[in-house]
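First the structure, then my questions, so here it is.
Chain IDs A, B, C and D follow the sequence of writing; residue 1 opens each chain.
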Amino acid sequence: MLQYLTRRLLIAIPSLLGISVILFTILALAPGDPFEELATNPAIPPDVRAHLRASLGMDDPVHLRYFAWLTSMLHGEWGFSFVSRIPVDQLILQRLPTTIAVIGTSQIVALCIALPVGVFAATRPYSLFDQIANTLAFIGFSLPTFFTGLLMILLFSIHLGWLPFVFRTSIDATGWRWWWEMARQSIMPIMVLGLFQGAAWTRYVRSAVLDVIRLDHVTTARAKGISEGSVTLKHVVRNAMIPVVTLVALQMPAVFGGAIVTEQIFRVPGVGSLLITAILANDTPVIMGVTFVFACLVVFFNLVADILYGWLDPRISFR
Amino acid sequence: MTRLLEISGLKVHFRTDDGWVRAVDGVDIGVDRGETVCIVGESGCGKTVTAKTVLKLIDMPPGRIVDGSIMWQGRDLVPLAPAQMRGIRAKEIGFIFQEPMTSLNPVYTVGDQIAETVREHEGLSRRAAMDRAAEMLSLVNIPNPTKRVHDYPHQFSGGMRQRVMIAMALSCNPKLVIADEPTTALDVTIQAQILDLLEEMKERLGMAVLLITHAMGVVAENAQRVIVMYAGKVVEEAPVGPLFARPRHPYTQGLIRSIPRLDLAATSHQRLEAIPGSVPSLLHPPVGCRFAARCRHATPECVATEPPLREIDPGHKVACHHAESLAA
Amino acid sequence: MAGSIPASASAEPVRRPHVGPWKEAWRRFRKHRLAVVSAAVLLLLILGVLLGPLFWTLPIDEIDFAATLQGPTLAHPLGTDDLGQDLLARVLYGGRISLAVGFTAMLVAVGLGILVGSTAGMAGGRTDAGLMWLTDLFLSLPQLPLLLLIIYLFRASLTEVVGTELGVFILVVSVIGAFNWMPVARLVRAQFLSLREKEFVEAARALGASRRRLVLRHILPNALGPVIVAATIDIAAAIIAESTLSFLGLGFPPDIPTWGRLLFDAKDNLDFAPHWALAPGIAIFLTVVSINFVGDGLRDALDPRRVL
Amino acid sequence: MMEDDLRQMIGRVQRGTLSRRGFVKRMAALGITAPMATQLLAITGAAPAAAQSGSVPAYAPSRRGGGGALKILYWQAATLLNPHFGSGTTNNDASRVFYEPLAGWATDGTLFPILAAEIPSTDNGGISADGRTITWKLKRGVKWHDGVEFSADDVVFNWEYAKNPATAAVTSGSYRDVNVVKVDDYTVRVEFAQPSPFWADAFVAAAGQMIPKHLFKDFVGANARDAPTNLRPVGTGAYKFVSFAPGDNLRAELNPNYHRENRPYFDTLEIKGGGDAASAARAVLQTGDYDYAWSLQVEDAILKRLEEAGKGRVNIVDGGSIEFVQLNTTDPNREVDGERSSIKTEHPAFRDPAVRQAMALLIDRGALEQHIYGRGGPATANFLNNPPRFVSPNTRWEFSIQKANEILDRAGWARGRDGIRAKDNVRLKFVFQTSVNAPRQRTQAIYKQAAQRAGIDLELKSVTASVFFSSDVANPDTYVKLFADMQMYTTTMPQADPERFMNQYTSWECSTKANNWQGRNIVRFRSEEYDALFRQAQGELDPVKRASLFIRMNDMVVNSNYIIPLVKRPTVSASLNNLNPVLSAWDGTIWLLGDWYRTT
């Protein structure tokens, strides 16, 4: 196992390098300009913009810029944002807690919805519960988050006035009061994302469980006289988890990438909105910083998925 | 003294697209303590359904127990709720399945799966249950059981897996073991070992065995009493000796005649006799004797009325109007 | 679908006139009430979108300031938007593009996913590692800059060759498709890894089945479960992704009323003119629901083991 | 608009027969901004430039602080806090919370002293006789947030800091061609190379925010952007810095020793960024979570409905921005030695004045004002076909499809089979591009339908803002390139001086491939007469003559119909009913934050 692990990690390094090269060339070629606001103000002489672009090395050839970025990355120096001159790692760390708190919890909520509902629906195929679960799941993933987000704001914030809909990181209460305020303002973004994600996962869980429920060893388990509940849990769900685990592991990096639309609607200062503003402003160091961490997470979680896969299914041997 | 297991008038039907299939249509089977009873018949005669219905292992719906009772030590299992059935399954009646390759859960070790049964019924701690599992593996002659108990099913051959199934079924030393064609999926050499092992277990633990098979050879070797089923009904029941010596039902006679004989084959070119025709539809079973269409001695009476199961000799029942005259 | 023969009693195969597999599949499909209803709804939607504009002849961009933000009336069954344009005509016209984008993008995504997933699953070794690297690469690429790059690189040349609407259509579909095949690829690969070990595959191999036949006839049908689920989710995702593209000015020109764009334009008037957002919202929901139940019905019909 | 008409009007203001406000209104009709008009009056001694009593609303509170929290919402978040690098209004406003200029522009175009003791004028000797030197007297006893005294050294330092090319300061335009001399610790003299009627540029408003010398002195030039104080500002403003998460929120607290008594009213301040304009309006007008929402580019119909909740109101502050359409003088679809829209080509259709005139007639400004922009966009009369003498403030613009059809028929543009007009195989089919934003997309739809009725087919194209306004050389969709037949966007006129604004129609400023499209003459308008007028105005000493030259230049550009103004774009914001913000058309939102208070 250890040998497999080290081999996979060794392969990960060149693959990450490859990804960073392609990322960098795409960013260099993509249109957009960090100083676009300067352009609209006729009072600012054009040479200021030209000087700025030159001072940040934006006009040298792509490969030079890539090696400069790579060498500084290796020294652990992530460079600073063209626009706000703040070091990239500080920018990301500033937004990491909110992202993990809000987006992370929404993924957990999604799982807490998808697993029980998916399994229960699959054990009673085409029953009333199954039909309702299915229909709700379809509503869940066929309405975009910007639509459901707005519906929730209209209902809970404006019509009922229960929840604030602008996410503020600067809550000045303390102790439990702080937690209460934080909970009130994150309920909606978490539910919007959680329901959307939960809906899609419910469908996968249901399909995976349906595949396993008719197998022989399930009848064997039942013949052992153990309760129907533990037959389902220990024998059916445990086997059905194999494809579902791959899916969940795939989704984990998205937790870091944040949900760009939801963050914009509820003004959650997550990594997603940082990435989108950086992309729209073609702020290369920030984009490279965020997407590189994203790439590492993708490669890491794929490795985790494969290991989990091997651990869950003893038949898969680690060559 | 009540019999260990007394199935009387059991009817099990299955709902399908084209209507109700009457897989088991009025079956009476009895098993005494320490006895080995064999149910034999072509595939599709309802023997597996009957066996599985005892432990309610068939899916209901689409299956449904239409009529009859299953008396286990004087207690009828049919009306029992699922919770009460759990007390019977594996603790009182063990079950061995036909397909060893797929009957074990691939993601748990063999030890875990056996321990699970023991812990369920005897409340042993984890450690004690695993020791019992190792013990059971050695009982079924699996080499170095203490190590193999931690292996996974895919690390065992077909024969070994069937031994594990047996170990699992007997782990709570039940009073009866139902073995549904335990050796069909195995090759002949392993088949004999498994059946000897089953016999040995029966002697040692003093339990009854209800063996389901379609191989007459297996019946001859192991059974004390034999029940022949055809198209969802019992057509003949007798101790093994008289059954092979003087089969009274034309179907049983046909079955016995179709067994390849080593002694005859060596000396002359024995032509194997096959029973002509095929099994009747269970959607709309014929009114009279279900074997009439394929029976050489069929008479209008056979087609008209259904022959009841009669005891024409002590312990020898047959369901045929002309049983007496046909004694081959 | 690591499955094998179910243990439940197999009733006596009742003798019937020989029924071809497709007829059999249709018979089983017909029994799946919900799937049949959904198939009807889907057909209705597609016909409505294709033939609708022939019957409902109101132009899609007729600006009428007297009738802005009107609720459903006889003249405008689905109401009007803030420029007084008739929503029914716009939903019908936009539907043609949204449905086409949804289906084709899904086919591109699922097709690519199956191709990559099955090759990786079957080949193993270096090809598997290489394809998985490619998947990781696409998974970690930030979608937006790539969209900006591809669209602005190819839009000009493509529109000259095939005209604006078709040009943008091909671009949007390939872009959405190129960003959604990765999850399908990983799912299919995972299925192939476990199915490949199954006895029936070894049996088929023993019977001399070629590698291609093994994949297409034996392994793939068993791996369809999660793929069909992924496909239906992808259609909804594609229709919605088209709206985010249009929002960024990368999708269809602003005067083409696709469902995604209608939904986006309507969101600020949700509390005062909900009908404007409901029209496209319901259309997308009906499409996704019907496709999914048809998918469910198909999977059950094609999979003989499934007892209805 | 002859020069003597102008002199005659200034005379009436001197004699008091024409109010200052009337003069400023007439000037606005001719495209001259309010600050420019007051400057004209000040330089000719007709009226002081300083803010009068009514220029800024009275400050009611009788003591400093106790106002609780002030919460402001920007739907674009600030990314840095150094005024000299502030690209765009959000960054300028964010640094304006902490840093203050010598004076700011009140909404009526008059100068309001902040760090200056008084506004220089001819009678207090601030403005020299020849108009080439301006003397600022500074307020005494003003302290930076860290307690250090504010003095003339800081003012001189800001000049050196901004004009240094290596700093690449955004504000360098205001400081480059002036000379600043320290007279004593509290007086500073600004010398101009030639008499500049518009002297109030250096040290005033956004460009004039004073940064502390003692914290920035070793960060001038190349390393200017690495100064730690860039992220932790120390200014003289009403609120002190607490914390800043770029792209998210900025927090500040009351400055106990602020140099203006009883101010500020609020104890803490929070500016939250991000999200979209519509939900920002909801957060103020519907739920009241926030006190003020900045620049709401939302359809007026929606704002009106939100106001019905009765919690807040919409503020309309008339500013200098104008939404207008440009018709390309060159041919975007032909490449001449690798350059599209090259000045060597002529636009096949727009070179015919009849087509241009028809295009001007086909845009229904009434509909735009009534149904799209509403109060946020009154149909503009500015730059429009001025009458020979300036009569009423809003000269007639006209919308008539029938008249457009007549003009086109007369000019020989016959309708083809598909209804689109053509003449010697040039078809009236144009690509109309603009940036992505809801009101603009609606305007495109309205223009397209009207054009269709006149036999002109408009193909609409929308480009995301960051790409459209980018100056990236490789990107074909930028507005500076104008690789389309016509385009629409809003241009702002922050500086009152028309000279820098009008040079964007001179032929040497044409945006070409040679100058990497840096040139500001986007529409490539070329006319010798216009160039001559511009040169004359540059060298013109007499300010009144100079102003009249600019007005004639306006006439030429607008009469050509290459430029079609649509609507004025005042800044629209929302605030709670009990909040008294102090807003100005000619300065940033936060220009006098110290004076904001809440009536309890």
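Keep in mind that, in the parts below, a residue touches a chain if its C-beta (ideal position, glycine included) is under 8 Å from a C-beta of that chain, and two chains touch if they have at least 3 such contacts.
Since the structure is predicted, the reported quantities are computational estimates derived from the model, not experimental observations.
Engineer: Name the most central chain, where centre means the mean of Cα atoms.
Structural biologist: Central chain: A.
Engineer: Hey, which chain ends up farthest from chain A, C-alpha centres compared?
Structural biologist: Checked the centroid distances; the maximum from chain A is B.
Engineer: Rounded to the nearest whole Å, what is the centre-to-centre distance of chain B and chain C, using the mean of the C-alpha atoms as each centre?
Structural biologist: So the centroids are 50 Å from each other.
Engineer: Between chain C and chain D, tell me the centre distance in angstrom, where each centre is the average of that chain's C-alpha atoms.
Structural biologist: That pair's centroid distance is 48 Å.
Engineer: Calculate how many whole Å lie between the centre of chain A and the centre of chain B, each centre taken as the average of the chain's C-alpha atoms.
Structural biologist: About 55 Å separates the centre of chain A from that of chain B.
Engineer: Quick one: report the Å distance separating chain A from chain D, using the average Cα coordinate of each chain.
Structural biologist: Chain centroid spacing, chain A to chain D, equals 40 Å.
Engineer: Please output the residue numbers of chain D that touch at least 2 other chains, ranges allowed.
Structural biologist: In chain D, 464, 467, 475, 477 touch at least two other chains.
Engineer: Return the residues of chain A touching two or more other chains; collapse runs of consecutive numbers into ranges.
Structural biologist: In chain A, 29, 31-32, 150, 158, 215-216, 219, 239, 280, 282, 313, 315 touch at least two other chains.
Engineer: Pull out every residue in chain C that's touching 2 or more other chains.
Structural biologist: Touching at least two other chains: 2, 4-5, 7-8, 148, 152, 267, 307.
Engineer: Using the touch rule from the top, collect the residues of chain A that touch chain D in their complex.
Structural biologist: Interface residues on the chain A side: 29, 31-33, 35-52, 55, 81, 83-86, 91, 94-95, 150, 153, 157-158, 161, 164-166, 168-170, 263-267, 269, 273-274, 277, 280-282.
Engineer: Which positions of chain B touch chain A when the two form their complex?
Structural biologist: Touch list, chain B to chain A: 55, 57, 82-83, 85-91, 95, 97, 99, 102-108, 116-117, 120-121, 152, 154, 165, 168.
Engineer: Applying the document's contact rule, which stretches of chain A touch chain C when the two form their complex?
Structural biologist: 11, 15, 18-19, 22-23, 26-27, 29-32, 126, 131, 134-135, 138-139, 141-144, 146-147, 150-151, 154, 158, 200, 203-204, 207-208, 210-212, 214-216, 219, 239, 242-243, 246-247, 250, 253, 261, 275-276, 279-280, 282, 287, 290-291, 294-295, 298-299, 302, 305, 309, 313, 315-316
Engineer: Would you tell me which residues of chain C are touching chain A in their complex?
Structural biologist: 1-8, 34, 129, 132-133, 135-137, 139-142, 144-146, 148-149, 152-153, 182-183, 186-187, 190-191, 193-194, 197, 225-226, 228-230, 232-233, 236-237, 240, 243-244, 260, 263-264, 267, 270-271, 277, 281, 284-285, 287-289, 292-293, 305, 307
Engineer: For the complex, which residues does chain C have touching chain D?
Structural biologist: On the chain C side, the touching residues are 61-63, 65, 68-69, 82-83, 148, 152, 156, 164, 247-250, 253-255, 265, 267-269, 272.
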